[in-house]
């Protein structure tokens, strides 16, 4: 899990803001989100449901819902700002240089197309291989994601495979062209515990072998604690804290991070030891205070109502968005 | 009740089209009830001197080939068409949903029997079946009603069966059973009333279709016989003249048909929004 | 044992269609028996004696028990004997076969026209929500389901024939000056092409336009509405999102991933559309004096000649069962979930 000493990050997200047009008004789903991913690094993106983790990933790839609008920001990947780029350029990058896997793998695959064909669709699109070579490569990939009997899986439809196998197929689709970055959006939700571990092991394995960077999106802090080099904590569309894993757990500076850690189940702790976070994610419509954690925060003070929300660099690689970090 | 009315007013306010449809329904009902008295001329009175007159101040919608006033006939026809449609749909709804509810609730032989019946009806192109029924039973208005009712049965049976099936194992049903109600009472007084709202949407949409069906049957010569004023048969009467340019004999009854069907379809959509806003397209 | 899942599925569907056909035969038999009046007296004529009527009744088998009559009925059906038409004097089967191509040609043209307009309209309305195409599609679907088909036909005749003079008089399949082409399929459009007669092809097409458009307008509304709804649903689905995330080309995503899945409910809908079309056929044939089986049945009905009517109902119902079978098979070809028994 060592971080290579490359100076230029592989992916650099800056000031990303996304709005949704809904019948009840404008929802400011993301505001000034920023984080980086270095080559070969594993970054965990954590937060409650509705914190904007998935929206960030979809915005980077350019596959947001049509009602969404990116109002500002850059996502510089390998020198190209994906947000400012044309759709044609993005289509070239997606699936080849950076890819994404989703939760609920069963519904995330085309139900009326065999799994093998779907992998071949990606290969035909991005890799310049002949027809015969494409088929062989698809089988190779199915073996690489540890599917027993790749030949049989190749001709199977998603409904004939288990959830775990479908997720492996999705991973095969995603790594088919050896991308430099893989974004995994809650890849283990809906799978049983043993399969969860196996899938995460598989991703880690593949990442290590080809120096692929990974962004692991989850609400499970324990998971990112085990598997990630760095953690980005999000709350209500803001990035509240970014730090290397050990440092985050040892010394969380943002009040939300601290409470998140305290409420995470861990071995040896009793249920009564876990402290839930009061309140809920604020309504993202209408006018919001500069710090969106304000109403749930025990350290809130009148100064917190004054814009802008400060982003302080506490230590190397450790950023906090708080006026009163601990 | 008050809450429903308030919600209703909100929906109508939100969607003025539904409000317009409702107003149109009231107009239709008015003509159906009082048409006979407000029609300017006797709908059956012929006038050999005034045949095929275009719309004028004396005859707002013109006259037909035997000199009858088109407007009067149109107004009076409202009652017949609405009565046919409403009775057909009512009959269909009562029988179909009863059968479907029993099938969904009791399962077993009841379900198999009702399924066989609906499948048999649906094995026919529905209008053709209606034609066959009217041809077999005789050319009367009552038979048009029966035929239209029969071909609509499957929709209600299937819907009732599905809705009952979903609710069969719900908590409140269990409670009713434990309170000592026999299965019949549970079905009739607890399960079925809950199935009603979505079925009301179907009823409204069906009314439009029933009117079209009855009119089409009359158009091809089945059911209503001349000189009874009915929209479909009026269009049939005027069909030959449409080709030679006397458009008013067919056009006005046709427009009346269109408006009535449109009204019921919009009401059905409005009802659907009222009951389940998630399904709004 | 047949190993191909597709063939096994077709077999299953055939078996499933059998009860439908049986039901159709039973119902038409029962309807026949419910006919008003005494057929024997009708056949014998107004001046017949009681004895003559009784003889005819025996000859027709009307004095036997109901199950026996049903057995006779089925036996006749199996031989292709649908009785005789009193008005034409021909066997009903022969009449129907002679007039069926006209109806089929018209219905097929109407359907092809409807699909070729409604599908693109629905797709465009879904991919460009809020645009003028979307509004047009919604207008069409709301209006289309409210229009009485005989009314649309008449209005079209009035506007395009009487007012504008663009369309020919609604007098049937050909105008007074043309002769039918050499009968191969008995469908004039195809036969005129086979005979290489361009002028005849256009003459036929001109006569066909208005009735085909009338039928098409009727079928367009539900197809466009379903296509739009299905497309909207599919475009928002998880697997389309995956396809886009994998950088697949817009064409692949639209056609291979989105459209194929969206077509499934549309195909299912086609069954209902056929039901309406086959019924609407009768009405359109009356408006445009089209010599198909619909007008054949209507003419017979007016003359109280019931054998053709019965034959017509049987023919239409059988056709409908066959069409539904084809639709089921088509669905199974596209969607593996119904093809493969898990």
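Letters A, B and C name the chains as they come in the text, with residue numbers starting at 1 for each one.
Please note the rule applied: a residue touches a chain if its C-beta (ideal position, glycine included) is under 8 Å from a C-beta of that chain, and two chains touch if they have at least 3 such contacts.
Predicted, not measured: the structure shown is a model, and the values here were computed from it.
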Chain of greatest Cα-centre distance to chain B: A
Most extensive contact between chains (C-beta pair count): B-C
Euclidean distance of C-alpha centroids - chain B vs chain C, Å: 24
Inter-centroid spacing, chain C versus chain A (mean Cα positions, whole Å): 53
Chain centre separation (chain A, chain B; CA means) in Å: 54
Parts of chain B lying in touch with chain C, wherever the complex brings them together: 116, 119-120, 123-133, 135-138, 208, 212, 215-216, 219-222, 232, 235-236, 238-239, 242-245, 247, 250-251, 254, 257-258, 261-262, 265-266, 281
In the complex, chain C residues that touch chain A: 129, 236-239, 241-250, 252, 256-257, 260-261, 264, 334-337, 340, 342
List of chain A residues in touch with chain C within their complex: 61, 63, 65-66, 90-96, 99-100, 102, 104, 107-114, 121-122, 125-126, 157, 159-160, 170, 173-174
Interface residues, chain C side, partner chain B - complex: 19-21, 23-24, 26-28, 31-32, 34-36, 138, 142-143, 145-151, 154-155, 157-158, 161-162, 169-170, 229, 274-280, 282-283, 286-287, 297-298, 301-302, 306, 309-310, 312-313, 316-317, 320-321
